[in-house]
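For reference, the structure is listed below as structure tokens.
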Amino acid sequence: MSTLTANPLAALARPWLWAWVAAALAFAATLGLTSGRGAGELAYAALSFGAFAAIVGMGQMLVITLGPGNVDLSIPATMTLSATLALKVMGSDPGNALLGLAVALATGLGVGLANFALIYLLRLPPIIATLAASLIYQSLAIWSNRGLRIKPPEGLADFATGRFLGLPNVAWVGLVLAVVTWVVLERSVAGRWLLASGQNLRAARLAGIPVQAVRAVAYVTVALFAALAGYLLASFSGGAALNMGAEYLLMSIAVVVIGGCSIAGGNSNVPGIWGAALFMFLVVSMLNSYGAGAGVRNILTGAIIIAIVIAASTRRSRP
Amino acid sequence: MQPRAMSYFGLNLLFNLAVPIALATIAQMCVIMVNDIDLSIGAFVSLVACVTATFLNDTPMLGVLILLALILSYAVMGAVIHALDLPAIVVTLGMSFVWGGLALFILPTPGGAAPGWIRTLMTVKPPVAPMAVVAAVLIAAVTHVMFIRSGLGTVLRGVGGNMRSVQRAGWNVLYLKALAYGLAGLFGVLAGMALVGLTTSADANIALRYTLLSIAGVILGGGEFIGGKVSPVGAVIGALTLTLAASFLSFMRLSPDWQIGAQGAILILVLTARLLFARKGAAA
Amino acid sequence: AQDADTSGKRIALSNNYAGNSWRQAMLSTFQETADQAVADGVVAAADPYTTSENQATEQAAQIQNMILQGYDAIVLNAASPTALNGAVKEACDAGLIVVSFDGIVTEPCAWRIAVDFAAMGKEEVDYLAGRLPDGGNLLEIRGLAGVFVDDEISKGIHEGVSENDQFEIVGSVHGDWAQDVAQKAVAGILPSLPEVVGVVTQGGDGYGAAQAFEAAGRDTPLIVLGNRQDELKWWAEQRDANGYETLSLSIAPGVASLAFWVSQQILAGEDVPKDLTVPFLKITQDTLDEALETTPEGSVANVSYALEDAQQVIADAK
Amino acid sequence: MTATEVAPIVTLTGAAKHFGPVRALDGVDLTVRPGDCLGLVGHNGAGKSTLVNIVNGSLPPSGGTVDFPAGPEGVRSVFQELSLCPNLTVAENLRISHPGLKGPGWRRPARAEIRAALDAVFPGHGIDADAEVDTLSIAERQMVEIAIGFAPRGGAARLVILDEPTSSLDAGIAEQLLAHIRSFCAGGGAVVFISHMLGEIFAVASRIVVLKDGKVVAERPAEGFTRQGLVDAMGHVATEETARAAEARPPLGEVILKAEGLEARRGEVVGLSGLAGHGQAAALARLYLAQTSDWRAGKTARAVFVAGDRPRDGVLPLWSILRNISISVLGRDATRGLVNREAEQRVAEDWKRRIGIRTENLDNPILSLSGGNQQKVLFARALASDAPVVVMDDPMRGVDVGTKQDVYAMIRAEAAKGRTFLWYSTETEEVCQCDRVFVFRNHQISAELTGADITEEKILEASFEMQEAS
């Protein structure tokens, strides 16, 4: 709001809008096939599965906002590790749901601190530090449970697949996190610090920002978000699997960039993350529904992503 | 270490798969050199591998044309990114889906065969040093001259350092960016061809890993994400190091649970060692 | 008795992927068999190796390292049937025995312990034809695009459908052999599908499909299952609740132990044909309880093969 | 001089440049002929850099024409924001603007050419042609850029436009440049020289053009201006330069800072001087970093920093002016960690007014400001906070005369309220504003001057002593 003039057309200049437009088009195109039948079901499914992508995407966004070279490639391994440990601790016992959550979050905290320690103490480039560390987390997950799938406690599974006021519970979790993230980025001092650090770390430090604390918090938060997503996903799909996070590596980056994230801040990107998360689900559903094979599906997905970024950028650049 | 590894034969085995990785790393370097990042190089090399194992083998003329078209499309991608001022990370992410989809079209199931001449080239046994070592040295030398010594290479690095000043000096940056991406496409094509020469056939997922590997290689070799600071020799050494790190691991017998993690640990150790050296070098 | 002594020989397992319960079960079966064989003095060493990334290039490097380490035989579950041919050839040229299984390679110098994946796909449809004579709409859940196993099973399924024209495949999604991916893909396509009577899968994704149907509030169709314990358990629960009946088709991860013994036999000088077949693991309504009993919680149904089984398979192939 | 008879190098007629509603350049007529040395002055945001950009083709004019009767060859620009490629060596940077250097072995002539150019302009410069630019100090980078501007580059420089070339040079080196410009113009070359240092303008310019709000308000031979007349033409009421001496100085407080061999009392303005690149900036940065933390930030910082190297150390380029100003006070005004946006707006508006940032909307991007106005934003950022210590790294780079006087007064007023200033400057005039001065030589303090001892001669003496002795 603050960087735009009060022109109503200025809304078009918001890059996040285009992810929503694309999601809506994919939604409409899918329903075109059934002449409107199944709209509720599809929206419900999109919200359920979009929630996981949105949660990890918001975490990834915080890190990507830190500027070039910052990205967390350990998200899938973090999801797997925290879910595996949490489910193991819970052992399908209904009384243990919160204990499981605590274990998952503690795992996330540990992972985040470990990642940042590699980046800060050993000065490794984040891309490689998180990539290398993720291999270690993966081994830990294998070692801890050898890939055995333990069922989540009954109540927890019901919560994860249940709904409240017509929306999936996981989507509520994703929405609450989105609001919190939005407030932090748009309204809080810490959010300003994050955005400033991403533009020019040296200048930010000289402006009095505690940049290392900001970086640490970003890397810990992304791990916490990933851990939470892993915990929910395992509860949602009936247990933790070793490969459960695999598709969320590319997904987390994709929703951030499609969501119109630029490190500029100011135009909040959080709504874009959700739009992109829904889009990523709906576009696959649409192409599957039209019977597109894997090849066509990939080509069209890529083409649509590029179309979104072009649409978003031509609107952005004013004369 | 294994005694066999130090032989002519051993060195070749140890390093020959590093050759396509080194080429892909150079491709990634071309893009990082102009302050962008390429998330599609892995999918692109896979696509090239598929084309090489099918069209280039069956109908060489058509194959060559397709490969040229692929290089051209890389150059166009660079031009579009610059002209429309798009974030390269998104465009290349999108393109990675496109390349992957095309590869699935060409080879829905693994197959194809390496053209004989590539196979011969990749398995030739030069005197003194094995092919893998000769190739690595050759790639490093040629790209060093291309990017560091030559005038045009200097200007290309200048684009990464300060695009505006290059523009002000009268260069057409659109053309330079297209050139950088076109070179990335060229090295991507070489990587795909070299890979098929070694594996003898291709599949649509064959080189997906190269995206991260090539980024890691560039950084390991002393490159930086922004500012046009790259080193082709470093990139080749980075690619060799990454290959070697994985090999080193299978020489130690670890429990299968920890094999994957140990590769991560080795990566961290190698990088830390490199940084320590770099810091010592800077202090001296 | 005329067999050569293999007690000095060393065998390596080259594995490209460890990220699911099938592969974990495979690794542990191999480990058990190998440890026992080493303890018994049958071979000097049998070491499993897994690549960190499921990629042919990385596995090729792994094979090359095994050559350097002086192994006598490599038991190989390959990431690609053809992309490893270069490395396999190098191994053969260096005098190693290469036995591929599950993910087999086409290089002629290697042995192949194959599962007829196409037949497996076809059998799924044949089973459905028996159960649902009136036919109807089918949903196909495929594996990972571009992988040989996926293509083979899918081919078999489509062949089955063309022979049984009362069936029509109205939707096809890629579940990447992962529970959550399958669940997501099915949930996304379901709203646009007419009524579905049967789901043909590639194993491991049936439970996810069932959950997606349930979440969409649809009747559970006849889902052909794989060999995962939670699928089997779900099946048993459904059976007890409403008499649900289906079939489970899969490959036993224990095929790794079969491959181990085959390689040992080859090292021992046995004359072994290059192409061997193993039957796939089939669980029916009758054998369900038995299978559930022997399958550890959260793992996959499995069979472990002994030396005698290997000799039997070899004899059958001759 | 019969310059009027020679064909002009460039002629602007009615040149205009509009950025949306901003008329950065509003119909300028200007002619530069061989032998001209044109001094271009004007307040911050007057349109000087815009004029340069129109002449060299970086910006297309929104109106009017730019003619080069003999073609645009040999017209060179040295930009206000340093524009070298930091990842390349000095010689390689020459290559960027000299496409004629081709083929194998191009480096040797490149090295020779840049060395010759540096030697010609800055004798005794000590810059290695193979040094990477980002290892050079800001002054050295500026020197390289100027040398590239004057280098033959396959032809000969006919017109060199220098946009605030001396802003990071110390007096000695600036004098070398001025000497070179004089001889260059005497040899038939033309120079457009932009500076806020009026002394320099009078020292080189044969003709002075005054820009004000995008228009030429005065153009006369240099002899036709007095210093005061020039200042008046630029539209500033200059505050009395001698105010300092007259002012009653409040007594200084206790010592509140002791680091890096420096000592500062409450309410004191401490200057750091010496030749550029002798460790002053580094000492300041270390001192500032030690006063603040990588990990914590309280309600009020112990120290704030005013950067001189704007792009590297100061500006947050993606943000608006508002956010660039308020970043240092967010913590103070926040409630429960949330930004107090009214307070933010108020503080920014207040400082915009007090320090005279030329913009109609604080929500404009910071990069739309002229260089001097960006510098004012950085000043505002620091002064808006309550930090007891203000660390300033050559903060007057590119600030116009009028504003400078205002800022000096502001600094005195803040010091009187008990703030301590640590002030590194390349301008002796600024250093003379201080209560105490530390002179650096070879990364060490070579002299500490107080009170009446603070004179240009004493400072120069302390800066050079060693070199003369050896």
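Descriptive notes on the structure:
A, B, C and D are the chain letters, set down in written order, and residue numbers restart from 1 in every chain.
Quick note on the criterion: a residue touches a chain if its C-beta (ideal position, glycine included) is under 8 Å from a C-beta of that chain, and two chains touch if they have at least 3 such contacts.
Note that the structure is a prediction, hence the values are computed from the model and not measured.
Any chain touching chain A that also touches chain B appears here: C, D. When every chain is reduced to the mean of its CA atoms, the largest separation from chain B belongs to D. Across the two interfaces under comparison, B-D and A-C, the one joined by more C-beta contacts turns out to be A-C. For the pair chain C and chain D, the distance between mean C-alpha positions equals 71 Å.
Per-chain Cα centroids separate chain B from chain D by 43 Å. Centre-to-centre separation of chain B and chain C, using mean CA positions: 34 Å. Contact with two or more other chains is made by residues 135, 138, 142, 146, 262, 293-295 of chain A. Counting only residues that touch two or more partner chains, chain D has none. Multi-chain contact residues of chain B, defined as those touching 2 or more other chains: 103-104, 108, 259-260, 263-264. Contacting chain pairs in the structure are A-B, A-C, A-D, B-C, B-D. The part of chain C that touches chain A in the complex is made up of residues 18-21, 23-25, 28, 52, 145-146, 171-174, 176, 178-181, 183-185, 187-193, 207-208, 211-212, 215-217, 228-230, 296-299. On chain B, the positions that touch chain A within their shared complex are 37, 39, 84-87, 89-91, 93-105, 108, 212, 215-216, 219-220, 224-226, 257-265, 267-268, 271-272, 275.
Taken together, the chain C residues at the contact with chain B in this complex read 15, 18, 27, 31, 47-53, 55-58, 60-62, 64-70, 80-87, 89-90, 144-148, 151-152.
Residues 56, 58, 77, 79, 83-88, 92-93, 95-97, 99, 101-103, 106-107 of chain D are the ones that touch chain B when the two sit in their complex. Chain A meets chain B in the complex at residues 68-69, 73, 118, 122-125, 127-129, 131-140, 142-143, 146, 250, 253-254, 257-258, 262, 293-306, 309-310, 313-314, 317.
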